[in-house]
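Going by the order they are written in, the chains are A, B and C; count residues from 1 in each one.
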Amino acid sequence: MSTERIKFYQTGTFTAGNRLLDEATRTVQSRVDRTNSLNSGHRACQGCGEALGARYALDAAMRASRNQLIAVNATGCLEVFSSPYPESSWQIPWMHSLFGNAPAVASGVAAALRAKGRDEVTVIAQGGDGATVDIGFGCLSGMFERNDDVLYFCYDNEAYMNTGIQRSGSTPPFARTNTTQAVADHPGNPVGTGKNVPRIAMAHGIPYVATASVADLHDLERKVTTAIGVQGARYLHIHVPCPLGWGSDPAHTMKVARLAVESGLFPLFEAECGTVVRSTPIRRKVPVERYLELQTRFKHLLGPPQDTNAIAAIQAIADANIVTYGLWG
Amino acid sequence: MVTAAELLAVAAFSDGKYAQAFPSFGSERMGAPVMAFCRIDDTTIRTRDAVTCPDVVIVQDATLLHQVDLFAGLTLRGFVLINSTRSLNALHLEEFLSALPVGHVCAFPASDLGLKYLKRPLANAPLLGGFAALTGLIRLASVESAIRQRFPGEIGEANVASVREAYDHVTALTAEQQGILRR
Amino acid sequence: MNVQMEGSQAVAEILACCRPEVIAAYPISPQTHIVERLSAKVARGEIGRCQFVNVESEFAALSVLIGASASGARTYTATSSQGLLFMAEAVYNAAGLGLPIVMTIANRAVGAPINIWNDHSDSMALRDAGWIQLFAEHNQEAIDLHIQAFRLAEALSCPVMVCMDGYVLTHASEPVDLPDAAHVDAYLPPYQPVQLLDPNDPVSIGAMVGPDAFAEVKYLAHHQHLRALDLIPELTQAFEQHFHRQSGGLCSPYRMEGADIAVIAMGSVIGTIKDVVDELRRASIPVGCIKIGCYRPFPMLQLRGLLEGVSRVIVVEKDLAVGVGGIVSADVQRTLSGRQIPVHTVIAGLGGRSISTSSLKQMILEARAERLTEPYFLDLNKTVIEQELARRRDIRRAGPVAEHILRTMNVMGTKVS
């Protein structure tokens, strides 16, 4: 199929999109020949950010690895909605073992490939935040510490969604989940809890760590491609809204994801061997309320009356990120 | 102690015997004696139970002598070899001197031999040399080859030297005991 | 080659000849000597391109092998007791996925109370997970079973546990014949996977299976185990042809000709029982013993045949189904269904307690005289039990059981009898 070169003067903005870009800089998703690693027909919810994130990440990975890729998936939404017996939407070699062992299983795949001299095959491990931050944390750390040649994708929708929206170590402060309900004087998920796994990954000194969002496809694909080109343990933490769990409109998934980035609550950055080397600046800064007000999991903060302390605390987190990663100004 | 039992087994194997060596089953709480067992036979050894009626007891730590019943089950014509700088009389083992055949019980400073040849108070190798001399159940040459197999090079030779001196020492001691009796 | 060697070291040597490609290891007593020796061999390049992965837990160890096996590698690990339980989820997963992983279980008691010595409670805890379970009588058999295990696992696409008694076998130095690599190669061909993660031929492994198909998948696993009952005798026969000795097998009788009483057991205690059988036979008591070499699948048909003329069965086992009694004896009962003969359960050797020939002999005579309680706990210290029960009756805040018993036993002194 032939492509037409269209000349315009405004490129790389949201106004005109991909068509204006050089072929070489177009996203994998825009290509007719993309792998569609996670094929349509899966059973994800309408507006599922994880389904998008997984397809984006894996298609980019397939291109970067010349289609030589094996994926290991933890139990969770992605695994469940992508492989409803007797169907599978995976177009790539794919394995699901258990909830807590995806990083270890992937380490095993990598070891087998090394034993067989198959250096050209990329090994991906992937899971949601529950599998990555909590139950699989030990195995994740082991994979990092050994510097096994595995690229790990965490699709972070900030709770255990497959089991019906329960709090994980990635659930943000004040978020309502079914195990951190905003009842009595509880404001949802307690402040001061939770793990920052990208920074923990950095603390292991692994060659490449990055955060990405479904809201910025170019950024995500670039990071996947970069990661594929690096040897050793790599970690990519991808923010993926969950309309069901977050109580947002399925049509707002991209918008919500973008607001998380633009408020500073989800910083986009890259690190190599434990040091931040690049961050993606915020184009248009927004106050956190713009993000919170689209999600019923925060509605108890918005009132009326508004919980100004809570919102200020959340804003403080966002502001701190902006400073830490140099996202603005 | 576990290494000594294993070396004993290897030596017996060189002698064409069947040998089984294993660590103890007993309570191993702090302060309890660490034990290892070795069985030697001319035919296949099948049983796996703890040795309760030993023909030989080797005591590496003499401080245990009057704290724990080390000689429980010792057979009537059994042998006892003790690592100690003190004599049998000084160890208050007169009971055993009378109950067992002459020349079957011997105390000698195995740790000191370890110090002499290996710069550390390691009693294992000398005790095996002493065992060979005392019981005649394995040949000295087999003990030496077992040791060289486990500890190659200079360390092996130093061990072998300690074995030889222990062997000669115990041979002399038991001969002396038998000589005293005859007198 | 005949050598005098510690069991663990011998297992490591033979493992190397089996050409594993990925070994994952997490240390736990008493398996450590196996993996230590293997790591040195891998580091010295003695096992080709084999990868030795030092993992962060037993759960990780088996998980690594699940990924490696699905990627076409021959895989191996070893564990015991707490470690086996820690990887329990993965144990079921490996069997369910049909991956031919081989794992040594250095049998050790499961706590609490924490205990590092030998009994069979660990393998028993996972007996129904779908792994084939083989038990070694002595270190020669331990070595031989590993060679057989790889061939068996790969023929059936079913993982295999080779169980050898911790310390009693792993740390016992005894003579073994170590086959050389060429002999092992002749018996054990390279691994040809039934399922493979391959970029050139993508498949999805590990999909969710609902009520409409789960029973069928499970039945097929059961079917593979039934096939194993036929395959194991074939493999052991082929083994005998290659290596010129009998090793392994479903169950092996000893002096069962004309036996009135059959003593059934698994693992190293069989050696001790054979000595007792000989002693009793010298006293004209018609007793024989049967070693169960393959516990899962359970060789019901063959065992039933061996027990044909027998009028009394004694099952000696190193495990306890708390609140019930015997585990192996229950399988034996099922084997004898329809036949009304007494089956005695003798619980022995728990937590590494030595099983003496004298206690066994006495127990068999008591069984013969119908004086054994059911189940019968060999060498149980009744005085300690009664004291502890009385103490707990009198005081509410009685404290931890184990600590008190140990204190009591200190006062009384421990005796190996």
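Here, a contact is a pair of C-beta atoms (placed from the backbone, for glycine too) under 8 Å apart; a residue touches a chain by one contact, two chains touch by 3 or more.
The structure presented is a predicted model; accordingly, all values stated were derived computationally and were not measured.
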Chain whose Cα centroid lies at the greatest distance from that of chain A: B
Most centrally placed chain, judged by C-alpha centres: C
Centroid distance [mean C-alpha coordinates] between chain C and chain B, Å: 34
Centre-to-centre distance between chain C and chain A (centres being mean Cα positions), rounded to whole Å: 45
Intercentroid distance (Cα basis), chain B paired with chain A, Å: 67
Contact footprint of chain B on chain C as seen in their complex: 4, 6, 117, 138, 165, 167-168, 171-175, 268-269, 271-272, 274-275, 352-357, 406, 409, 414-417
Complex contacts: residues of chain C adjacent to chain A: 21-22, 24, 48-51, 53-57, 59-60, 63-73, 75, 89-90, 93, 97, 197-199, 201-210, 212-213
Chain C partner contacts - residues on chain B that touch it in the complex: 2, 5-6, 9-10, 12-13, 18-23, 25-27, 29, 32, 45-50, 52, 72
Chain C-facing residues of chain A, complex: 67-70, 72-73, 79-80, 83-86, 88, 90-98, 100-101, 104-117, 121, 138-139, 141-142, 145-146, 148
